[in-house]
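Take a look at the structures listed below.
Below, chain A partners chain B and then partners chain C, in two separate complexes.
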Partner chain A sequence: MAAAARALRVLPRALPGPARLLHTSPTCLKTRAARVRVGKGDKPVTYEQAHAPHHIAHRKGWLSLHTGNLCGEEGAAERAVEDTFLRRFLFGTFPGLLQDEVVLKRRGNLLVVCALLSRALPPHKIYFLVGYTETLLSHFYKCPVRLELQTVPARVVYKYL
Partner chain B sequence: MAAGRAGAGCWQRALWLSRRCRLQAGPESYRCSSSSTALGKAVDSSEVTEEEIVLPRRKTWNKLAVLQTLASTVNRDPTAAHYMFQDDPFLMPRNAANSRLYSLSKESGRNAAKYIVKNFPQYFDKTFAEPNVPCLMPETLTPQTEGVSEEALKERIKLRRVKESVDIFDQLVQAGTPLSLETTNSLLDLLCFYGDEESTSENEEEAKKDLEEPGVNASEEKAPKRQFQRGLQSSGPRWRDNNHAERIFKIMPERNAHSYCTMIRGMVKHGAFAKAYDMYIDLLNERHKADVHTFNALIRAAPILKEKFTERWELTKEFLTHMAQQEVQPNLLTFNAVLKALRRCGGVGRSMALLVVKEMEALDIEPSLATYDHLLSIFYRGVDLPPSGIISEVLDEVEKRSFTPQDPDDANFFSTAMQVCCDLKDIKLAYRLNKGMEKGDNWKFLDMDRLNGYWSKFFSLLCMMEQIEVVLKWYKEMSPSLFYPTPKNILDLLQALDAANQLEVIPAVWEDVKQLGFTRRQELLEEFLSLMSRDQHPDEIQLAFAKCAEDIKAAHEPAGREQVPLEWTGSTLGNVVVLFSRAGRTQDAWNMMELFQQTNRIPTDKVMNEFLNCAKQTNCPEESIKLVKLAASLGLPSSHRLKSRTEEEFELSEIQKKTLESIKWDGDSSDSDSSDSDSDRE
Partner chain C sequence: MAARAGLWGRAGLWCGEGLSLAGLSRAGLCCRPGPGGVPAAPCWGRAAYSSVPAVSDREGPQQREASIRRRGRTPQSVRSSAPPRTERMAVDQDWSSVYPTAAAFKPASVPLPIRMGYPVKRGVPPPKEGNLELIKIPNFLHLTPPAIKKHCAALKDFCTEWPSALDSDEKCEKHFPIEIETVDYVSSGTSIRNPKARVVTLRVKLSNLNLDDHAKKKLVKLVGERYCRETDVLTIVTDRCPLRRQNYDYGMHLLTVLYHESWKTEKWESEKSEEDMEEYIWENSRSQKNALDTLLRIKASENVSDVTEDELLASEAVKNYRNSVIALKNEGETEGNMSQYKESVKKLLNIPA
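== the complex of A and B ==
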């Protein structure tokens, strides 16, 4: 019993009770997202890049169109992950050719990828990449994937910031 | 309400006014009448100042008008390329070579993706789609059973692994394990089908053949036919002597009819025809019965086994009698094989072909397009043929129904038929053939290459037979969406324009030619230039022609790349000079004239005269003197006449006259004397 009492006295500090803690998360930088900062006036910027996120639905459209965010619909997170993968995949498969952000449209089962390319590669090489992308992505996502391309001679500059 | 009351008030006032007028009608009638007339006049004049409003008549629309308008928008877009290409001006193919190249590139991209899916199946085998899509899953091609056993052999055969199956079979035979007859037969089937080569190298060859026959819309139909067709063509794998199939056949302890049959079919497929016949004799000696596929293969081999027409037919008849004896029912492919053999039997074929078709009808077998293809070839493609009316009957049949592919040779029907129409020079038959092609699924029989050839022949026929408006309408609608014109088509079009005297369309055709990439074809350029420079035309057309001539000139100059510049011929050079002269471009014309000396060509009289006319119109006597000098240096007989013309028609200064006199040319002292006397007189 004395030993027990001694043990009690020797106990380290008590378990912490209610305390004030600080919870940190990575910084969100909401005021800097998707905004191109104004510079000296020599930075060419497309229409998409020039407009900040609060202009979506006012001056800009969406880059990814799906029904996952509607009330009662599921799968928004999966669509977001797929979108990220698709953008990286296309950025790598069409090296240096993408002139603007890729627009992804989902209609039912079909995934339509609308990309704006430059004319740096001859057309038969672009068709090779188109066939490759369509088939590979179809097999990867188990749904028909269609690529709709438009080529421009140079990047379409909206203004210089 | 207020308005109503006000209106009523007005109306009442108006009534009261009129009553007042009438009341005062008696003593002051004139005043009233004057006031009324004044009123009336005022009203009249106001009416006159107003414009006549003409109400339009009410339009009555047809009940179906809206639907018809909508339907008219759903036609084929004549400016769009094929559906498989991207709709972008940079990515749209402009000529036949490009369209083939792009479709092949797309197909090879697909093959690259399939290669990756096949080699890294672990990334593609998650089944998260509901329901599962089996065609988008990677194929499981690795055999599951290990070891050397009959099950392992059966599995390898199922997976089409030729070499491994043969290895396992050899190991089993050495170990002494008894193998069932069925397994050995299925191994023989595999070997005979693939011609004793590996199926994956077969796949690569298949891919190469894919590259030679791009046809995305017809590829589904052609997939089962592809191996079939290639087997009989000369570029398939050849049957080697004593290959695995023969070896295994020899060491088989027992053989049944199936073994013999499959060996015969494999030998015919891969070109060992004599061996196939010997194998058939063995089969007969063993008192086995062959099946219908074997007989089809043998009939196909008959024309190659014998040389003379009658012998071929006799051999075919022999096979058919054996078939009847062994009570094997012939099918469509049998009759098609017979007709194909008859194609190579000349006159015998012609007499027998219709009997064969009647036999088919008697047995209630529907003919396929291949039947008609063979019939047309027998009756229309050959030398010294008597005329026949088979084609109309064939077209009657084709127009009636939509065909399904049943024979590899079905795909050739439309090309053959269109060729026959062209040979017969009958445009009405061609229209009927087009209608037959548009019926139902018949369009699927034409893949990209055949489509181009078909429409190309049709267009040539049109140019020959139809009026120019119809030709131009078809041209606008068909190219570049349906087909890409060949150089022959362009030549035919030019001839048709010439016949109809509508040469002003030529600059537009030249633009198309530039787009198609035919600007370096010598015969096309000659035709263009000769047509443009033959007659004088009004001024704008002449200017347009001169621009075309400039493009053609650019094609003849060194382009700086590896392209060798085209050689000038006398006629092309002369025509270019004529065209420049007629448009008043003297300097350009003179540059061309200088080229005559460089390229060692002689200008004709017409060219020189045209140039002089141009110089006169643009008032450049210097040029004319230079021309006379050139003519003299080339030693042309017309140079004297040119000199006299220059003297007469131009106002020359003293220096110019002296230069003209001093031009020396060989011979003719009398002329120089007269010129001396002239100068003396001056």
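== the complex of A and C ==
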């Protein structure tokens, strides 16, 4: 009773009456998603960046393989959340070293992370980062995590846009 | 689910310069200067150990590579990387030691000049170094026939022989009449639980159970749809319990209860009427009454001395008629059944053919 009276005192003006409102959702630019726009011809792009999402299953494979998206299987949402976290984690743990998107493969319980790194760091630092990543992620996700790295001297350019 | 990377090879090898497989380890995989006269090391913009021209257009101007060099250069990155392992691989090496388990594609460990991807215009598919498409797809490099032979040899120690006494299906059925079917589900993820795994299917042939006529009919009525007449198999599917063990126990309990219940005869079972019968029984049916009636009247009209019903029933013609009517009712109307019925009626009523 007293609390209600206090609440009413807080509101200085009367509650708004019935009104007509428009419900908007944030804009979803489907025609611009994951596409590198054509420029002057000096922008190097990798194979992954050069192909738009509609080329998936035609010219591109999937970056994350797991059974969650099969018919009658569960866990698709959990895997998607894990994937997002892993990509951000790896992007931060190997700053400036990731040359291309990270490929995630799940084999039963095992999570295999395939990353393409550049050769900017000396090997002992890379080994430390690998151990750090594997241990931390294994403890975090309670499943074995294996990192399979490949180093390239420079970003592999597919074409210039 | 595999990406269709145009016409060019996946496992079908795109050999850039007509190299044979045998000669790969020696020829062509060393670093060569590209068309622009760029020095051997460091080769920015193309892999240091590709023997084939770069994927990008040949007119890539010098300043592009120079700018990449300037942007990408850090003091430590001018490190000489060791040549790939493929250069030191013998042709007759043990491949199962290169790929002992399932692993991602490693271009420096696979001595094949594989290209994968959609080619640029007037170009070729990208080479294997740094090729994400080759890493994405699952490969079976760890499952070559010699590797599988090794697996089998290692697993043999854990296998037991099939019992020699059970060498035919009939023997298996005789000793193990009940078949239990359960399904295990494997998926990728941190959880091994799958609710579909609790379903248990129990199958048994009723001929293996000790049932007399009444018990069998009662059992079939009790289970309804779960019994298949053609194969004489009773199938019980249980999934109402949360665990597989519980469902199995429940299935066995159901079978036991059905068996015992079908042997019991309740008081109200004597009220079984003609509609409840599973098959047509001629004795005490209208067909029998009508046939006997007709025959008695025929005999009376011919002034033959009283023939008893039992004699009539035992006569050949009536027996034939009985069989044909039973066949018609139980099996339905077929050519054979109808002609048999016709013959039997003609004999019964003494109609000349």
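Here is the rule we go by: the second predicted complex is superposed on the first by the 138 of 161 C-alpha atoms of A that agree within 3 Å, B and C clash if a C-alpha of one lies under 4 Å from a C-alpha of the other, contacts with A are read in each partner's own complex, and residues count from 1 in each chain.
The rule we apply is simple: a residue touches a chain if its C-beta (ideal position, glycine included) is under 8 Å from a C-beta of that chain, and two chains touch if they have at least 3 such contacts.
These numbers were taken from a predicted model, which means no experiment stands behind them.
K.L.:
Is A:A57 in contact with chain B, with chain C, with both, or with neither (first, second, both, neither)?
P.N.:
Touch partner of A:A57: chain C, not chain B.
K.L.:
For A:F128, using the defined touch cut-off, is the partner it touches chain B, chain C, both, or neither? Pick first, second, both or neither.
P.N.:
In the superposition, A:F128 touches chain B alone.
K.L.:
Quick check on the superposed pair: does A:R88 touch chain B, chain C, both, or neither? Answer first, second, both or neither.
P.N.:
Touch status of A:R88: no partner.
K.L.:
Is A:C143 contacted by the first partner chain B, the second partner chain C, both or neither?
P.N.:
Touch partners of A:C143: chain B and chain C.
K.L.:
Quick one: classify A:R35 as touching chain B (first), chain C (second), both or neither.
P.N.:
A:R35 contacts neither chain B nor chain C.
K.L.:
May I ask you to decide whether A:R119 touches chain B, chain C, both, or neither, giving the answer as first, second, both or neither?
P.N.:
Both: A:R119 reaches chain B and chain C.
K.L.:
Kindly classify A:T151 by the partners it touches after superposition: chain B alone (first), chain C alone (second), both, or neither?
P.N.:
both
K.L.:
When both complexes are superposed, which of chain B and chain C contacts more residues belonging to chain A?
P.N.:
C
K.L.:
Using the superposition on chain A as set up above, list the residues of chain A that contact both chain B and chain C.
P.N.:
In the superposed arrangement, which is not itself an observed complex, chain A uses residues 119, 142-143, 148, 150-151 for both chain B and chain C.
K.L.:
Could you list, by residue number, the parts of chain C that touch chain A in their complex?
P.N.:
Listed in rising order, the residues are 1-6, 42-45, 47-48, 55-57, 60, 64, 68, 72, 74, 76-77, 79, 81, 102-104, 106-108, 117-118, 120, 126, 129-133, 135-138, 186-192, 194, 196.
K.L.:
Going by the contact rule set out above, which residues of chain A touch chain B in the complex?
P.N.:
119, 123-136, 138-140, 142-143, 147-151
K.L.:
Over in the complex, which chain B residues touch chain A? Could you list them?
P.N.:
The contact residues of chain B facing chain A are 85-91, 93, 98, 101-110, 112-114, 116-117, 123-124, 127-129, 132-133, 136-138.
K.L.:
Considering only the defined contacts, which chain A positions touch chain C in the complex?
P.N.:
Its residues touching chain C are 42, 44, 46-48, 51, 55-63, 65-68, 72-75, 78-79, 99-101, 103, 105-109, 112, 114, 116, 118-122, 141-143, 148, 150-160.
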